[in-house]
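So, here come the structures, one by one.
Each of the two complexes below includes chain A, the first together with chain B, the second together with chain C.
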Partner chain A sequence: MSRVDVRKTYKLFIGGKFPRSESGRSYEVFSAGRGRRFLANAAQGSRKDARDAVRAARAALPGWAGATAYNRGQVLYRVAEVMESRRTQFVAEVQAAEGVTAARAEATVSAAIDRWVWYAGWSDKYAQVLGGLNPVAGPYFDISAPEPTGVVAALAPQRSSLLGLVSVVAPIVVAGNTAVVLASEERPVPAITLAEALATSDVPGGVINLITGRTAEVAPWLASHLDVNAIDLTGAADAQDVSWGELEAAAAENLKRVLRPAGSDEQAVEPDFAPVPGLHRLEAFLETKTVWHPKGR
Partner chain B sequence: MSSQTVTAEATERARDILGVTRLTNQALSGWLHGLPGVDEVGADARAATLGTRSIKTTAKAWAIDTAISMIDLTTLEGADTAGKVRSLCTKARTPDPAHLDTPRVAAVCVYNDMVAVAREAVAGTGVNVAAVSTAFPSGRASIAVKLADTRDAVEAGADEIDMVIDRGAFLSGRYLHVFEEIAQVRQACRRDGDAPDAHLKVILETGELVTYDNVRRASWLAMLAGADFIKTSTGKVSPAATLPVTMIMLEAVRDWRALTGEMVGVKPAGGIRSSKDAIRHLVVVNEVAGEEWLTPQWFRFGASSLLNDLLLQRHKLATGAYSGPDYVTID
Partner chain C sequence: MPTFEYAPAPESRSVVDLASSYGLFIDGEFRDSDGGSVFKSISPATEEVLAEVTEASAADVDRAVAAARRAYERTWSRLSGTDRGKYLFRIARILQERSREFAVLESLDNGKPIRESRDVDVPMAAAWFFYHAGWADKLEFASLGENPRPHGVVGQVIPWNFPLLMLAWKIAPALATGNTVVLKPAETTPLTALLFAEVCQQAELPPGVVNIVTGAGATGQAIVEHGGVDKVAFTGSTAVGKQIARSIAGTRTKATLELGGKAANIVFDDAPVDQAVEGIVNGIFFNQGHVCCAGSRLLVQESVAEEVEERLKRRLATLRVGDPLDKNTDVGAINSRAQLDRITELVEVGEAEGATRWSPECELPANGFWFRPTVFTGVSQTHRIAQEEIFGPVLSVLTFRTPQEAVAKANNTPYGLSAGIWTDKGSRILWMADQLRAGVVWANTFNKFDPTSPFGGYKESGYGREGGRHGLGAYVRTGADG
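Coming up: the complex of A and B.
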């Protein structure tokens, strides 16, 4: 007797929970490459889901920003551990989502896991590299220290469904920001599985929130949201009907920090996420606080 | 007029309504327990159904402004200071300095000793001052203390008095005692000469009344004793105002008007924090009591953080972008 398929209904990840979209909508997700086949129905998030996610991220911010750097590093490392134990699932999903060979998918998943470890290591080191003691002409210690910007919205890369996603999210949260992430519109399945990995790791609820859906529909609401402090527009490259210039203009209303997509002018391109990234993504979501302190004798 | 004659008036009226020659505890019990029981499951279901009404665009804008104008902006903390009360009053006068078309709230609600401060801070603005008296929130004091407490607030210039009923007496069936206390406090709200009397809001503390039947009985008892408003809770006991409880109280004021022709106001207080909650309440007001109650004169929200959420929703409607807590004041 043949078994009935257990088909999964994918949901959003907001505040550590997996709610359905407030709108009740979902959309079909297909595999990439040759032999386009139906993969899943993903939740089609709405502006209200984005609003709820921002609220969850705001609520999680004090706890996460106040955690010690050491603790945040451990939490990020734990994500790598949990991903490692679901490696086969990730490989299969990346392969289907991106239409690559098994070997290539295997390498991508390894790189994604390693990226968590790489950023985890930075948690208690970036402050020394990006901040420090400034030489001043007076009897003062003058210290610059980087601090988290706050709630960061991120458009995840459209093509690199897992490695790109991790490369965008990890630098946001390692510094103590909380994130509202719009997953790749056409390739959301690895992102949802990452959310399941996050939910079973030590990442506190609300620190990373993940919305699947139409980028062009939800992104403007995040860009104009006054309670979002920064926005990463990496995923505007190759997104349908998305003009990153308009998003940046909307973001100006409350002076959000904006990380522009790679490329020149309107021609946004998705960067290659394979090489070791450097600190520019981490630095984009930090505020430098400078303190003057009298030296005394 | 002496206190004796006034409470005698209340008693006489109660006798008329009950159709008895002597107002005894037994007569009151018989009357209150003769009220139809509340179908608890039905009440919850009806409130939940009304809560699903979708209120959008212009109706939503109207509801938000109406809700703002119905707020009794409240601070009832042991740590209250004159400065905090003044800043609350500033917010009551101008809820949103960036949008001056925002309506004012109905009143500020403070402890007795802050009445004079609040009175001065809202003078000439049309914002009322409400004081919580009668040994708020527990009400565990002698009647002499409760009356002195009330007179104190009235003399300091309170426009409205929020009193608590003696829940212990109510729950043990001493209804006449509760009746007399309310009638006496009502009397203490009077002012000499032409000065308007202070409005009396009677707090039932529904969270301690246990059943919906008791909520209905307490509502009728308070109205019988001369309440201008019936109020759900002190905000110090959980659960505070819930939608079904407010609905049952609205049914009571509706039926009271049918019986006597008098209108009594309703004030849910405590636990209403979001615009959505407030709008749900307005829907219930409209459906249960009727449109006449949709004014600050007959319906109030006892709240503090609700105002900020209403302001954020107002921003959202005006600008089309989601706003955030950075754009409203904390208190």
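Coming up: the complex of A and C.
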């Protein structure tokens, strides 16, 4: 007789801890592709879970934004090390979540880990690339440098369950922001495993918070939350019952910075995450600060 | 202290040749409106009518956007960067050549002292065109991303506090990057924009590259909500900025918003007091306080508060309020009756809430819109005059004990445009500059601007930057952008 397996009920990741949803709800997650099979029960996050996550992200912000760029790079590189040690698990989960071949899942996980390393390396470089001395016409020292925007909410891509997720989250946090991430609704398992990798790495609690559940239910609360400074709507593409225009309109209430989903019209399209990204995701969540001081003897 | 008598030293108005009425500048010519009405632009210092101006209708905005689209497709986007740049250089030169005319007209229409329009607004507007002219053929070296290219037609709406300068901040980068423009100046200050239209003709700028449509809020709304506009650039109130953000939500129209502020000007006990007092005065009374980045909240360290207040009052007693065209004038007219009412109302609220109001003795002209430089002491964080943007010559003074407290008070506002720090201690300047959530931090100086220097806000002061390499970025698409 075959062994009866131990099935896991996945939880949320807020403030470095793994709470169940305060709503007490969970939902069933199935594999994609042929032979739809039960994978796990995931927590169905609520408005209040989102608020708790924003509070955790806000509390973590001063420490994370104030850390040295070198330190942030080290901490994020450590995440890639932990991901590498969980490679087998990620491959199996991506294969099940996305309904792809083992070879394809291998390649995706490799790309996701490499993407994390790519962004980790930017921590102490983007400020020089994006900032600099301004040659003003007067006796002043004048310099511009990027700073984190603050608490960033992100709708993770619905289809690319790991590479897309990493491509969205890493640029937010490498710049010193803290994140509240809404995982892919139908494909949340690799995201939860990433949260477990984060919890066993050196990322301080609250820097990255992960909520699973219904995108259409939770996203509006993040878009309208007045203590969220920016929102990444990438995952609005292919999300059920989600209008990114309505989310963007709600975000206007406190003038959140909005990273719109890809596409050329009202239709949101999930981008191809395979190519090496540019800096636009980093820049979307940075503020330029300019400081002037007179020169004199 | 001796009081000096000054003989009047008015700048001559004869350099300005105003028409009695103006049409809309569309497709290279001044044209009559299609169904719009007419309004008057007055001098806020005397209430005399300067000229009649057209209030553009939605149909006029349609025509202007169509002209901009044609110009974009047929001429401007086909021109080399080098040639685009040369048009901008021409414009910069003409602004310099006609600088006195622009300065006088700006002071007439806006009410600001000629000293400021002559020494700040107009030369800096020219500098803005010179700076961006040089970028036009170097965009691929600006690290803006892969394949930087224009959006197309840009809709721009600007405020009344720096009419020509804000026009330059908007039009120069838009044109340098290859966009064409439909711009609406503020309804109380349209005249230098209309004079600028003549400059475009004089420079033989291809028709339709710059279109100037005058009007009020409805005209502005018609521009920013127009389906043919690919990018919106707005400077003005946070309330309108939020409306714009809402109206373009769910579309592919891009926006940069430069909105309100409530800047803290922070004075530590080791600051050189005389310099700090000059900085405080410049921070809040420059341009009658009609400045989004004005240092409207003075945070002064408790141990020197009394001394700073006393010296500040002594200095304010020497400010000359009056005729904007007089070269000795420090503080000019309030731009409009509506703005004067708003300032008056908030000042009354300040008194009612228990703050102590003080103004120097000074005679105000009989006609026009005037407000005495005003200082409120004993202000607390919760007072409306410490929270809301007054946009007038009104300073609220608060005190603090420690740098941490100064930072907490400075950041305790939904705005985040600018801040000032006055101290002799270098490490404290840098620490404070790190902590302040503001887009521009002036240390031991205030209200400095330069075309190479990015300007713009955090939080509800808007998004995007103007000036420098960063400002160019707002006017291009890159990489895989649609």
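As a convention for this text, the second predicted complex is superposed on the first by the 294 of 297 C-alpha atoms of A that agree within 3 Å, B and C clash if a C-alpha of one lies under 4 Å from a C-alpha of the other, contacts with A are read in each partner's own complex, and residues count from 1 in each chain.
The rule is simple: contacts are C-beta pairs under 8 Å (C-beta built on N, C-alpha and C of every residue); 3 or more make two chains touch, one makes a residue touch a chain.
Note that the structure is a prediction, hence the values are computed from the model and not measured.
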Fit or clash - chain C, chain B, common chain A:
fit
When the two structures are overlaid on chain A, which partner does A:Arg58 contact: first (chain B), second (chain C), both, or neither?
first
Kindly classify A:Gly245 by the partners it touches after superposition: chain B alone (first), chain C alone (second), both, or neither?
second
Rounded in steps of 10, the angle in degrees at the Cα centre of chain A between chain B and chain C is 80
Report for A:His280: first if it touches chain B alone, second if chain C alone, otherwise both or neither.
second
Is A:Glu253 touching anything from chain B or chain C once the two structures are fitted on A? First, second, both or neither.
both
What is the contact status of A:Val291 with respect to chain B (first) and chain C (second): first, second, both, or neither?
second
Name the chain, either chain B or chain C, that contacts more residues of chain A.
C
Contacts for A:His225 in the overlay, against chain B (first) and chain C (second): which applies, first, second, both or neither?
first
Once the structures are superposed on A, label A:Asp142 by its partner contacts, choosing first (chain B), second (chain C), both or neither.
second
For A:Val4, using the defined touch cut-off, is the partner it touches chain B, chain C, both, or neither? Pick first, second, both or neither.
neither
After superposing the two complexes, find the smallest distance in angstrom between C-alpha atoms of chain B and C-alpha atoms of chain C.
6
If you lay the two complexes on top of each other, which residues of chain A touch chain B in one and chain C in the other?
253
Of all residues in chain B, which touch chain A in the complex?
315, 320-327
Touching chain A in the complex, chain C uses residues 127, 143, 145-146, 238, 241-242, 245-246, 249-252, 257, 259, 414, 429, 433, 438-445, 448, 450, 452-456, 458-460, 462-463, 465, 468-470, 473, 478-480, 482
Listed in rising order, the residues of chain A that touch chain C in the complex are 129-130, 132, 134-138, 140, 142, 144, 149, 229, 243-246, 248-249, 251-255, 257, 260, 262-266, 271, 278-280, 283, 287-294
The chain A residues in contact with chain B across the complex are 51, 54, 58, 221, 224-228, 250, 253
